[in-house]
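After this come two complexes, each holding chain A, first together with chain B and then together with chain C.
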Partner chain A sequence: MAHFTKATSVKDWLDQRLAVEKLEKVMMSEYWIPKNINFLWAMGMVLVITFALLVVSGIFLLMYYVPTTAEAFNSVNYTIMREVDFGWLWRHVHGVAASVVFLIIYIHMFTGIYYGSYKKGRELIWISGMLLFVAFSAEAFSGYMLPWGQMSYWAGMVITNLFSGGSLHADGLVEWIRGDYVPAQAFLGRFFMLHVLLIPLAIMGLIGLHFGALRIPHVNNQDGEEIDFDAEAKKYLDGDKAGSKVMRFANDFMSKDMMVVGVYLVFFFYLVFYNYGFAMDPVNFDPANGLSTPAHIYPEWYFLWSYEILRPFNIDLGLILFAFAQVIFVMLPFLDRSPNTCAANRRGTPFKVWFWLMLSNMIVLTAMGKLPPEGIFSTIGLVSAVLFVVMWLALPVITSREKKV
Partner chain B sequence: MKENSRRGFMGKAFGAVAGVGAVASLYAMKKSWDPLPSVKAAGFTTLDMSVYQENVMVTEKWRGKPIFVLRKSADILAKEKGNAEAEARDIKIGDYHYMIAIGLCTHLGCIPAFRKDSNDFLCACHGGQFDASGLVTKVPPPRGFDIPPFKIDGNKLVLGEVGPEWQAMKDNSVTL
Partner chain C sequence: MKNKEPLILAVVVFFTLVTYYLVEPYAHHVMHKHVDSENFAYADLPAVSKKGDATRGQELVMGAGACTGCHSINVADMPAPMDAVSAAAAYGVNPPDLSNAGVVYDAKFLNDLIKNPAHALLVEHKFDAAKGQMHPMVAFYGAGGDIDQETADMVAYLQSIAVKKEDVTSAMAFENACGRCHAVGYENWTQIGTKPKFKHEKDGLAFDIKVLDYQDTLKKYMGKLPPDLSMYIRSRNEHFISTFVENPQNHLAGTAMPRTGVTAHSMEKIIEYMKDAGDTKRHERESVGKNVMIYIVIFAIFALLWKKQVWRDLH
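This part shows the complex of A and B:
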């Protein structure tokens, strides 16, 4: 056995057994963050806090929710909303956080694209981040099934039908996923399991990978400057705090991070208390009915852009382009052939235009996805969907011609 | 060296045992997600065809899915005349002609609504349209309504059982 001495304090007792001091240095006080950043660098912490809110509110909902087709709707809309003290709070926190988390994810993503934070050495951060996006999407979808209202049922019907692969007619696969010919008890049971256990486990694992992937390349900075972290850390520890380009993760960076989190939480709880309606579709307050489709079926706002890429085409082409849209962001580090790691606006006109056009095009796709597919909206949707695909195909060409800045 | 080869053997032996176990458990996991026997057994519905009135679209239920039943009027039949695709889908029971189909859009499975004035179906999800014979008149749906397996038994129709009329439709690719 290793040699232990009589502890001089609780901290020393823990330190001898868990190396807490070393741990604190590695994870916090000597984990170095560049100084040249702005508030957009706080989105990671905002996401961590939002995820924590989802977990805590989810735990309380889980205690009263009943995952059967007969009881699910009432357990949410009656038991949790009317009987459980503060049940409404957990539900509204959960619903609002599920929606807002995607807003922050999109900001986080486009910040990464803008500053080139996926480039050489940081590919794994980007890839693990996109895997998190996929996991969060699956988590949002499976959670949307649970209140067993009309939107739950019909979204479940439409999304599981995607797996028939259009002309492949893989109806056996769809029935296997559902465990029935239509969404029913087997379907609700397995999506309940996925939502409260398997996908959250995957998300926690991926968050670990995401943080791990950040460790060696470190956080990017506003100029994409390559920093010698060892040299800058030494300068800092030797006392030249002002001259060093880096600061401690805790408490230096954390204090500013939590300031942003504080502002965010005020906004978040304003939504929870006064404006939660956007996260609660009125159609989902009708119990699921397999014999009546609601007049308009549309996904939550964060899926609208990819839904709009599916919509204007026949089913096979639609599914192919939809699949393309789902995976193409993962490939970004390999499709961007430019040697430059810096802000999009400084990389020359072609990429600058590409970035802002991609961002606006996704907003247009989102808006068109919400509108009925008629007349001029159909046309705009079609043009935007084609533009989305063409821009991704053009990305390797325009970036490989980019000059080194 | 001797140590190494012994370790190598142990590694391979473990790999073999674990491989068999992994394949076997994947098989069990796959089967556990299959539809239950009780779900499969509840898959038959019998319709009494004498109750349907001309030009009134009725939605029945089979395996949890809506089934459209429309007794065709002379108008619809006149329109279908000469259209081989529409005639192939026609189901004659007793003296009447019917459109019988699974009432789910073949695009992504929403239930299209019947429009009485124009005698056709409109799907709200993605704007697909079907005529009174069940054929597509506006994409995205890739094909007409699917026709459920059926067997004609006098004036009754058994859904879920395969009769010669349905088998012929399937063989001729009228339905899936």
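This part shows the complex of A and C:
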């Protein structure tokens, strides 16, 4: 059994029992971050803050939300928006954060792709990050069901229909998921549980894994340079703070994190108070009505690119390519055969073109996913969807030919 | 090494804004028909050339015009001939009380409405006299004199008994123009009036049954039950609602919803009513928003200063 001495201070008392000093070093003061990074490396902290905003606002909403098909719409739009003090504020924070979190996730993802941060021992960071993306997607979708408006109902109808597997006609599976022939009480209750319990638990676990996966390989840097963290840390601790290539996570990098968070929150609260419409679709302010289909059914903006990969094809091919699009990003560390870990722009023309074209094409897919599939829009959508698939298939080929830079 | 962060920020902002533009303003522009406001001018209706005389108008309204056979005029102590439910059963919808019609509705519209209801209301596709489909409001064919003068007199009378324009409340405008077809549950408004608080549950249920009876006839008259408008200010928007009310046919050709003929001022009041119902906390949002923005800008400035201080030794 460990030997305990009379504590000299509260900190000492805690240290003997929890090793708080060691913990503080491992997690904060001696968690070494390369200096050669830019503000895009703060997106992790921005995501942590946004997730915290989602959890806190979600807890307040949970106190008043009623998960029944008869009361859900009114509990949100009447009770929370009119009766509860600042209920409107929590709802707008929750709705805007749910949308903005995806913007930051996409920036975080494309930063990772651009700087090759999924290579050289960082594969698990990427994979756990993509699992987080999947979990956040499920969280966003299940949350979108809860106000039980027209978009909740019809998006729920369309997405659960995907599980019939096209020509497989697995209608029994769809009914099993819904607990009914159409989205109804069982469906709402299940998605409520998923949204407030199971998926948040999964997200928290995955965030732990994501951070854990980062601890040994350390974060990447702008040049993909391999840094001897022990040697550089020693230099720093010996007093050569300016000469060392690394810095402490806290307070050194955290001060920059907080600076970025400050700017981000100005943007975020501007959206919450003055431009929230993009995150709260007008159609969802009509109560769910199974007898009246909205003129246009579209998912929230962050799902549009994958929706557009489903849409231009016949149902079976569409579903196959949709499934492909869902999993292919996870495979990135194994599809990129290049020996280089550095900025996409410095890896030679093929990958440079691949990166910027992939980014632009996903924006085109996003736009086409929302626009009605008519005329030129369906043609553009089809070309973009085919291009997306072809580009992923081509990735191992173009990267394996890449020269070492 | 040169500081690339401004360039990186510009790239991030650029792609974000392009995406935003495409999925929000552009996509909505493509998906939704844009209808311009006609400034509530009712330009398709003939101009009023005659100056009305309220005294003669009163005689016509109460006498030869036969308005009070169906309409109540509460300010002139003319009660409704029937209760709302029976009136709806007779006419499809409860005819409005005319106390404030003179201020809520446009004068040009009222002049045309009296002579040719289906024309002014833009429901001639539904009520074609040639096919024997008569509008429940009987047209005024004249009392023997100049019909234009007579309608002008009647409108002058209605204007003389109405409240002043500045005294028109949002509820008055809404209840007059919209409230006999549309319920607003969040404001406790039903098609037959505000639901009172009842001491006995039984009385409340009896009231609900009246509302249901009224809605049943309304459903037959309009083709479907006109929607509850509680959240319409958010599910549609101000511009849509305003241009829809101004001329429903511009948005939805063939709709059974009539043009109501409200003035621009009444429309503002109606929008205010709908905002009170569906965007109740908008004033609080503005004041809280301002304070939060000030707070967060100060936070950002301190964060920046902290970063500068910490990083001084790192370079």
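Here are some notes:
The rule we apply is simple: the second predicted complex is superposed on the first by the 404 of 405 C-alpha atoms of A that agree within 3 Å, B and C clash if a C-alpha of one lies under 4 Å from a C-alpha of the other, contacts with A are read in each partner's own complex, and residues count from 1 in each chain.
The rule is simple: contacts are C-beta pairs under 8 Å (C-beta built on N, C-alpha and C of every residue); 3 or more make two chains touch, one makes a residue touch a chain.
All figures in this text were calculated on a predicted structure; none of them were measured in a lab.
Considering which of chain B and chain C touches more of chain A, the answer is C.
Of the two partner chains, chain B and chain C are each touched by A:296.
In the superposition on chain A, no contact is made by A:102 with either chain B or chain C.
In the superposed model, A:247 lies in contact with chain C only, and not with chain B. Looking at the shared chain after the overlay, A:304 reaches chain C, while chain B stays out of its contact range. In the superposed model, A:78 lies in contact with chain C only, and not with chain B. In the superposition on chain A, A:285 makes contact with chain C only, while chain B stays out of contact range. Residues 295-296 of chain A are contacted both by chain B in one complex and by chain C in the other.
Against chain B, the residues of chain A that register as touching in their complex are 154, 157-158, 161-162, 166-167, 169, 171, 175-182, 184, 186, 190, 290-297, 311, 313-316, 318, 373-374. Across the complex, chain C is touched by residues 35, 38-40, 77-78, 81-82, 86, 88-89, 92, 103, 107, 241-242, 247, 251-252, 255-256, 258-259, 261-263, 265-266, 269-270, 272-274, 277-278, 280, 282-287, 295-296, 301, 304, 359, 363, 366-367, 370-372 of chain A.
Chain C contributes residues 4-5, 8-9, 12, 15-16, 18-20, 22-24, 26-27, 30-31, 186, 227, 230-232, 234-237, 278, 280-281, 284-286, 288-289, 292-293, 296-297, 299-304, 306-307, 309-311, 313-315 to its touches with chain A in the complex.
Per the touch definition, chain B reaches chain A in the complex via residues 30, 33-36, 39, 43, 59, 61, 63-66, 107-113, 123-127, 139-142, 176.
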